[in-house]
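Got some structures for you, see below.
Next, two complexes with subunit A in common: one pairs it with subunit B, the other with subunit C.
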Partner chain A sequence: MDRVYNALKEIVGERFVSNQQEELYLYSRDPGTMDPVWPDYVVMPASTEEVQKIVMLANQEKIPLVPQGGGLVLSGLTIPLKGGILVDMKRMNRIIEVNKNSRYVIVEAGCSHGLLQSYLNQNYPDLRHSLPDSPPISTVGGNVCIHGSGHLSQVYGFHSDMVNGMEVVLPTGEICKIGSCSTSPYWFARAPLPDLAGLFLGWFGTTGIMTKISLKLYPHKRMKDVMLFLTENPEYISDIIYKVTDTEVAEDITISCAPKPDWMDGFQLTSIAIVGRNKAELDFKFRTIRSALASYIDSREGGFMYMPPAMKHNFTEVPLRSTARFADVKKGGGFEYVGAIMPVDKFPDAYRAGHEIAQRCETTYSLSARIIGRAHCMMFSCAYAFNRADKADVDRAKQALHETNKAVLELGGIPWKAEFPAQQLILERMDPNTLRLMEQVRKLMDPNGIMNPGNWEVK
Partner chain B sequence: MQYADIVHRCFRCGYCNFTSDFQDFNCPTYNKYRMLSYSPGGRMWLINAWLNKELQWSEHFADIMYSCATCNNCVEECVQNKFNSYLSEIFIAARGEMVEQGLVPPTVRDYLKNIQLSGNPYRAPAEDRGKWSEGSGLTRFQNDEYLYYVGCVGSYDERGQKMALALGKLLIKAGLSVGILGSDEKCDGNEVRVLGESMLFEELARQNTDQFAQLGVKKVISLSPHAFNVMKKYYPDYGAGFDTLHYTQVLWELIKLKKLNPGQLEIRVTYHDPCYLGRHNGEYRAPRKVLQSIPGLSLVEMRRNRKDSFCCGGGGGNFFTDILGSGPDSPAAVRVKEAVATGAEVLAVACPNCAKMFEDAIKVEGLEDRLQVRDIAELVLESLKD
Partner chain C sequence: MYELKFDPELCASCETIDCLMKCQYISFDLQTAREERDRLNRGEDSFVLHDCVTCYACEEYCQFGNHPFYQIVDLQEEKGIWPTPKPIVHSQIKMYSPKGTFEPKEVEGTAFNMCLFPDFRDSIKGKLFEDTTQLFGRDLFCNLVYLHYAKASVIRERVPQIIKNFASCGIQELVCFHDECYATYKSWAPAYGIEVPFKPVHLFQFLIDRLKENRSAIKKLGFKVAYQRPCSTRLVPETEPMLDELFELIGVDRVPRKYDRETPLCCGAIMRASGREELADEINKKNIEDMLDAGASLCVFNCQGCYAAMGEMVAQAGLRPILVHDLCKLAIGEKV
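Moving on, here comes the complex of A and B:
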């Protein structure tokens, strides 16, 4: 009998471990374009202690461990590049504590964004957290591991900036607390201690497995509207964003550009979400933003677009169901995108590059950007739908993604949640001392090299 | 396989696992097993891989496919509105492929054998089919306005028989022109269809539609939402020319017409929407109206209700094949605990399968002192006692 399988069964129970082809097949791939690599086992722990036992087993057996949240990263970060044990964290989905007055929630890392949203709506209607555009099964842990962003990121930054603290199982099996919870019963901040969260955020699970997270919550103003501003010149976008963020009354700001419907071709549609406790507050914000963009309206270089209330739902819904619908554009169940983190003033260059690459790769362009912070940067996305039943089409999308990653780096941006080939492009350009520091950190923390190997490693 | 051209279009985004507000996983198999393979999206990808020969059939594959309760939560929640309505049908089509290739799990094989041999899943004699009705006052259908169709569970299962009898007595009390088929009644075939045996289903559908036509049946009252579903939606393909009603719809009409006047019943009740009445056929109102018409009855809703109702785990043939299984995480066990959390003392049902599933779960969970399962007809009948 399989020794590792039996040991895993001992840890989590028979129902939550598998070495059967059906589970190995599904966990060998994600909905993006990366080629599958089969794990040897899939396991679903229910507690930090079970995670710890799995990590100790993996060290003993020198077998890779790949933690997975929602499994929807699309860029293959939880494809087990060197096989091993795939650790699906979604059984660890408990909401442990809400501290209302300090506005934070402690959740298990496998808690889905959907579950947290629903829980807060029902029990703490005045509080909310920032949701990514990914489907509701995406997890809090998975999302902060990749520096995710969401509908409150324009105001409060990356989701990793919203982490107050965490509990982590280190690659050597110790359970470690990060932030105020390391010293206090309260999980309120990472300051004033040395910020060790940076050892885990953005590392794609290569430095440990997050098991609990304290996430910042924010006031929930229930009234919501969206203002849609149309322009036909990408050169204006960074100034428009500057003017709108200068008002400090906008919430989520996104820009989208697509050739369908036909009249949209060539336009940039800036969507500005506003929220308020009452109509007067909404009206004030509406007027303030309108006034900030008056010069564009007066010169007829831009204008607000009327949208019937029913259609506004497509812009204000959180999470945005239409994101997943993009996968059916080619009736093929697939899409992937390069999300580049880059300065906002690079919008026109990125816009042109996106068009050129789409044309060269014989696919349609679908460009969008989300503003992060007060225009401190943006996540610029070039999305490519593909038909997963047509290998040539998948390869075309893969090529377009690769070219986009290269173009992004040439523009001074950095691909977000970069797939393995894009990680190599990043590491090639990285300052050698930074790269060496990353390697030293990995070696020190993970002497047996078991944590999601292949990622953030020079080939 | 039918729908083979659609299967690859699932993105596996996971909306299908949830309720509409994401408060909980609402796919009964995913909620129990949590592995991706037991989610609707996982099934779609596995079927695609099997059809493409990336995966070989295995017993585990068959169990994954047959554990689906066809509860239609995925149909309700899938965001891909160009093909989401086909999801359950795709799973049924994959089962159909396994039936054709002789690759079904043993309990499915046995169920289908029993229907073939005995005309019912219990291998019981046909002449026993109408025994439940003894003493009810119901007579054989003879140019009546309504045919009361009871189905296999109502005819043979002890719990189902109680429901069948309660409803029969109510229909008589209301003075309805109604008859039954007794030993001539045949299996409706809903479970045969969803288990993928399309040939046998066609045969049953034809037998029933022919028999009903010969007898001049114009309106059918179905005890089970399963029979209601198949007769309403699929029998017309075989020439059915009758209307099918679920019994709760009939009871509500009878109450509105004052042909039934429910009496006082001081109880706190929560109602479970059966999948084949609710999500499959959109009937959420009539059962609640009937319950609310009982003076003194206080109706409280479970967290998951109406289109977000959580399946009892008995759909998709699982009532008979038991592939989804029991235990503390079984759908029925989860659901009875949810019912208890409302503070209700009665879990009202409108389906004999649900009644049986929940009664078993209450025993396993040791909740007999806190919750009783009562069918809506039983509650109305009890209210009329005085």
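Moving on, here comes the complex of A and C:
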């Protein structure tokens, strides 16, 4: 019998470990373009202590460990590039504590956004967290690991900025607390201590496995509405965003420039979400934003699309169903995108590059952007849908992704949650001292090189 | 291209200039109205072309049937005046463009034109709508909405083919669910010399006829209703007495109010699309207050667009929003 399998069985119980092909198959791939690589084992721990034991076993056996949340990253970050044990965190989905007055929640890292949203709605209707537009099964831990963003990011930044603290199992097996919880019973902030969260956020699970996270919560104003501003000149967008964010009343701002449906081709649709405790607050925000964009309306270069109240739900629901709908537009379940984190004033260049690349590669595409942190940057997304059963279609999408990654870097942006080839493009451009520092940190933390190997490594 | 039948001499001979003097959104004294009328007649620019909210009312106010509103729209387009922001107009023109692949549909019974309102198809059921065949889609869309956008050229380009599409279904009569469709075939097309080879039938007339066929099933409703008269009825004011007859048949009292009959207020949708939100808010408020002051308990809509724009607002004010065909269904004991 397999020694590692037996040891894993000992840790989590027989039901929660597998080396069966039909189960390994599911964990060998994601909906993106990365080629599948099979793990040797899949394990589902239920506690921090079980994670710790798995890490210690991996060290002992010198076998790679790849932590996975919802498995929805799309860019192959949880495909086990060098095989080993895939650690599926979905059983660690408990909501441990809500501190209402300090507005934070402590969850296990495998807690899904849908579960947390539902729990808060039922038990703390005045509080909410920032949701990404991924399907509700995406996890809190997976999302902060990749610097995710969502419906409150325009106001509060990346989801990783919303982390108060965390519990992590280090690559060497120690359980370590980061933030105020390292010193206090309360998980209220990362300050005033040296900020060690940066050793884990954005590292794609290459520096440890997050097991608990304290996430900031925000007021939940129940009345919401959306304003849809339409333009047909991408040069206007950064100014429009500047003007809207200058009002400080917009909650979420996204820009959609999809070639489908036909009537959208050539237009930029800026969706501005607003919320309020009452109609007066909503009306005030409406007026403020309208006034900010009056010059475009007066010159007839832009205008708010009229939308009957009954149709607004399609734009105000969280998460947006339409995002997932586009992901399967080609049928065959293939979807990946370059989400470029870049300055907002690069919008016109990114828009032109996105259209040009997609048309050259003859792939089905959609362009969109989400504003992050009052226009400090944006996540500009060039999304490609493809049929996974059609190799030529997959290759076209792969080519489009590669060219988009290169174009993004040339424009001064950085591909977000970059797949392995894009990571290589990033590392090639990175300041050599920064790269050396990353390598040193990693070597120090993970002497056996077991954590998600292949990612954030120079080929 | 089809030309508007507008007689500038007839217009110049008008002493009362009702088209401008009765306007509810721009104020004129008679001298100013005369000067602006003359400018428009000479094909010159006028503030009327810029300030017009496109409520269509002047088309009704003109005693001579001389089509002042259609003339305004043509002049707006000719002079490159955009009542609505360009991207909105361009996207709407694309959104509702014909697919160009119309297959004639076999019509059994009465041809019932649903325009571009597929969401209402399920409500066109029950006794009153037996033996009807619904026709709908972009290739049958009347396109009259582009009057609001100073794009009569789009209507001129599309409507002849739309008419051909309907005619290819072999229909003699076409019942129009949307008031604007009826106005297209009854008012706009003739004004541009476009022949309509079928008889448009207004929804009111259709409902009157069907209710009379089911007279024994009618239970007088006894409601006091406020009627939200849509812009398109300004093109076909002869339908107003039909509505009165319809209301009488089902025992509904159309409450007299300030903003009905010759002085209704717009639902505001087109004003919002044009960026005139404050004006839309103001007229919605005045309109709904007037409905309440008049003692109405329901707000009856004839236009599906008005219903979408104002339905929630009137409901929040305590009035039940209802479309006229649903009201008729209630009168014969059907659920809506």
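Rule of thumb we're sticking to: the second predicted complex is superposed on the first by the 457 of 459 C-alpha atoms of A that agree within 3 Å, B and C clash if a C-alpha of one lies under 4 Å from a C-alpha of the other, contacts with A are read in each partner's own complex, and residues count from 1 in each chain.
By definition in this document, contacts are C-beta pairs under 8 Å (C-beta built on N, C-alpha and C of every residue); 3 or more make two chains touch, one makes a residue touch a chain.
For clarity, every value in this text was computed on a predicted model and none was experimentally measured.
With both complexes brought onto subunit A, simultaneous placement of subunit B and subunit C is permitted, the two fitting side by side without a clash. Within the superposed three-chain model, A:L230 lies in touch with subunit C and out of touch with subunit B [touch as defined at top].
After overlaying the two complexes on the shared chain, residue contacts for A:Y306 are found with subunit C alone; subunit B is out of touch.
Within the superposed three-chain arrangement, the count of touched residues of subunit A is higher for B, of the candidates subunit B and subunit C.
In the superposition on chain A, contact of A:M430 is made with neither subunit B nor subunit C. Shared-chain residue A:K90: touches subunit B; no touch with subunit C.
In the superposition on chain A, A:P31 contacts subunit B only, with no contact to subunit C. Of the two partner chains placed by superposition, only subunit C is touched by A:I297; subunit B is not.
After overlaying the two complexes on the shared chain, residue contacts for A:K331 are found with subunit B alone; subunit C is out of touch. Seen from the CA centre of subunit A, subunit B and subunit C lie at an angle of 70° in the overlaid model, rounded to the nearest 10. No C-alpha atom of subunit B lies closer than 17 Å to any C-alpha atom of subunit C in the overlay.
Residue overlap on subunit A between the subunit B contacts of one complex and the subunit C contacts of the other is empty.
Those residues of subunit C lying in contact with subunit A across their complex are 82, 84-88, 90-92, 94-95, 97, 269-270, 272-275, 277, 308-309, 311-312.
Those residues of subunit A that touch subunit C in the shared complex are 230-232, 261-265, 267, 286-287, 290, 294, 296-298, 300-306, 308-311. If you check the complex, the residues on subunit A that touch subunit B are 15-16, 18, 20-23, 25-27, 31, 42, 44, 70-72, 88, 90-91, 112, 114-115, 117-119, 121-122, 135-137, 321-322, 324-325, 327-328, 331-335, 387-389. Looking at the complex, you find that subunit B touches subunit A at residues 8-15, 17-19, 21-24, 33-37, 42, 45-46, 49, 54-56, 58, 60-61, 64, 79-83.
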